[in-house]
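Going in written order, the chains are labelled A, B, C and D, and every chain counts its residues from 1.
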Amino acid sequence: MFITRVRVRFHEIDRAGIAYFARSFQYCHETFEDMLARALDVDLERFFRESTWMLPLVHAESDYRMPIVLGQDLRIELKIARVGKTSVHFAYRIIGEPDGVERGKVTLVHSCVERQGFITRPLPDELIAGFKALGLIPPEVRRKD
Amino acid sequence: MFITRVRVRFHEIDRAGIAYFARSFQYCHETFEDMLARALDVDLERFFRESTWMLPLVHAESDYRMPIVLGQDLRIELKIARVGKTSVHFAYRIIGEPDGVERGKVTLVHSCVERQGFITRPLPDELIAGFKALGLIPPEVRRKD
Amino acid sequence: MFITRVRVRFHEIDRAGIAYFARSFQYCHETFEDMLARALDVDLERFFRESTWMLPLVHAESDYRMPIVLGQDLRIELKIARVGKTSVHFAYRIIGEPDGVERGKVTLVHSCVERQGFITRPLPDELIAGFKALGLIPPEVRRKD
Amino acid sequence: MFITRVRVRFHEIDRAGIAYFARSFQYCHETFEDMLARALDVDLERFFRESTWMLPLVHAESDYRMPIVLGQDLRIELKIARVGKTSVHFAYRIIGEPDGVERGKVTLVHSCVERQGFITRPLPDELIAGFKALGLIPPEVRRKD
């Protein structure tokens, strides 16, 4: 499990007075960003400038349990639900702090593509190795699609 | 079907050089906003200030087919996929213009709640009537959950 | 004068129930984007991929007259206040529709730089020509810094 | 001086590959939010639900020194530049970490208004007391406009 924390901000609230629903995706993607930087041991700016592969979203999904309000501190928990040959499924939980109550769940599915032409390609070995180093997949995991 | 159009903006692009994935949810929700204003024949600011009921999201889902780039004109098509007693499922298609190529699909599921306490309640009759007036549900539709 | 129109969206409202103050900058920059595409007669995605020069902000400023609420239709008026050798000052007015009441003013100052290294350089001739073609600067204007 | 830290996120980058200019205002306002919660010793959600006064922006201004890129850690320093009878000027510096290099400066001017009708009113005593408790204004400061 990989965990980050975030505070809900004034501009992230919508006209209904709660965090805009799409913010859940943003919060979880921010956790993904920190995890990716750690898994690859790389500066993200450099990664996006130089990498020959990318991980665009192919599917995103969110379930909402409770409204999230201004100033709420959130803990975002990332787990890998499935690793395919060319894609990876991340499962997130959005949890209030300090109450520990789950506000919602998010699933993000990324596909690996060549930077040139966005052509699907296998997940690179260094990414799999990074997932293992962070304990997000067991050392012996085999990829399959 | 209810249709709106939107142009992809400079600040909506992410570090990968394409529209940030969560923007798809935003674009479709904007279509929902225009549809709601029309269905209820109401000013939205007034609606959110005075209404005793609200329509928070309980589920959101998106599939991505093609990257969306800066300046792209999009047509967003909204259909009602299902009307329950207390919830409504909207199905959206995000289509490039003028090429007509689908970039992605979005599903947004809203639940109806009392403004006070966020307690689930039946969809109000005026909302159902508005959906019918816009041709989004057939005149004879019965609600069921 | 170059004019665009925009509608204030649900997610652009903050916890105080009005459009988040920084949205004014966004609305005006969107007008800039449309103007730039017209001035250069270019697709913006292609411009940002291929251009050897860019126009980053060096200064931004906004005065707020009246709160802007959800669903408000706005007319954004862009004028060029000053053209220097290496920079250009745009003056914007944010006006409610249909009431015609000014909500605020924005000034955006862009500097011209080489894409490589962000080194200041003179405004390119094709940009000046585009401003003239749109009537944003008089045909005889001379640049000075 | 009141200080917060923030990391630049993937979705905050624009098509030019750097942090969108209006993000500077957002980062500084987030510092303001944390400062306000501390100065009033209050939960912000409760403050915006119950307070009889508010602090809308009347002016915002930013100078840009250096592009800010993805993943950059920033330190935001807030100082009070001036306290008037009905308004307060905050001066912010946006500084890279760990390099210590200033990326830009922001000024935000807030006016105090009654929640009902947005009518200008004097800054409340509890706010002035909070600024003093945080060391943002000297204990003996007198307000003037």
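Here, contacts are C-beta pairs under 8 Å (C-beta built on N, C-alpha and C of every residue); 3 or more make two chains touch, one makes a residue touch a chain.
The model shown is predicted, which means the values in this text are computed figures rather than measured ones.
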For the C-alpha superposition of chain A onto chain D, the rotation angle in degrees, rounded to the nearest 5, equals 180
Comparing B-C with C-D, the busier interface by C-beta pairs is C-D
Per the C-alpha centroid definition, the whole-Å distance linking chain B and chain C comes out as 29
Expressed in whole Å, how far the mean CA point of chain A lies from that of chain C is 34
For the pair chain C and chain D, the C-alpha centroid-to-centroid distance in angstrom is 24
Residues in chain B with touches to at least two other chains are numbered 10-11, 15-16, 22, 26, 29, 44-45, 48, 70
The chain D residues in contact with chain B across the complex are 10-11, 13-17, 20, 22, 70
Touching chain C in the complex, chain B uses residues 7, 9-11, 26, 29-30, 33-34, 37, 43-45, 48, 69-72
So, in the complex, the side of chain C touching chain D is made of residues 15-16, 18, 21-22, 25-26, 29, 44-45, 48, 54, 56-64, 67, 118
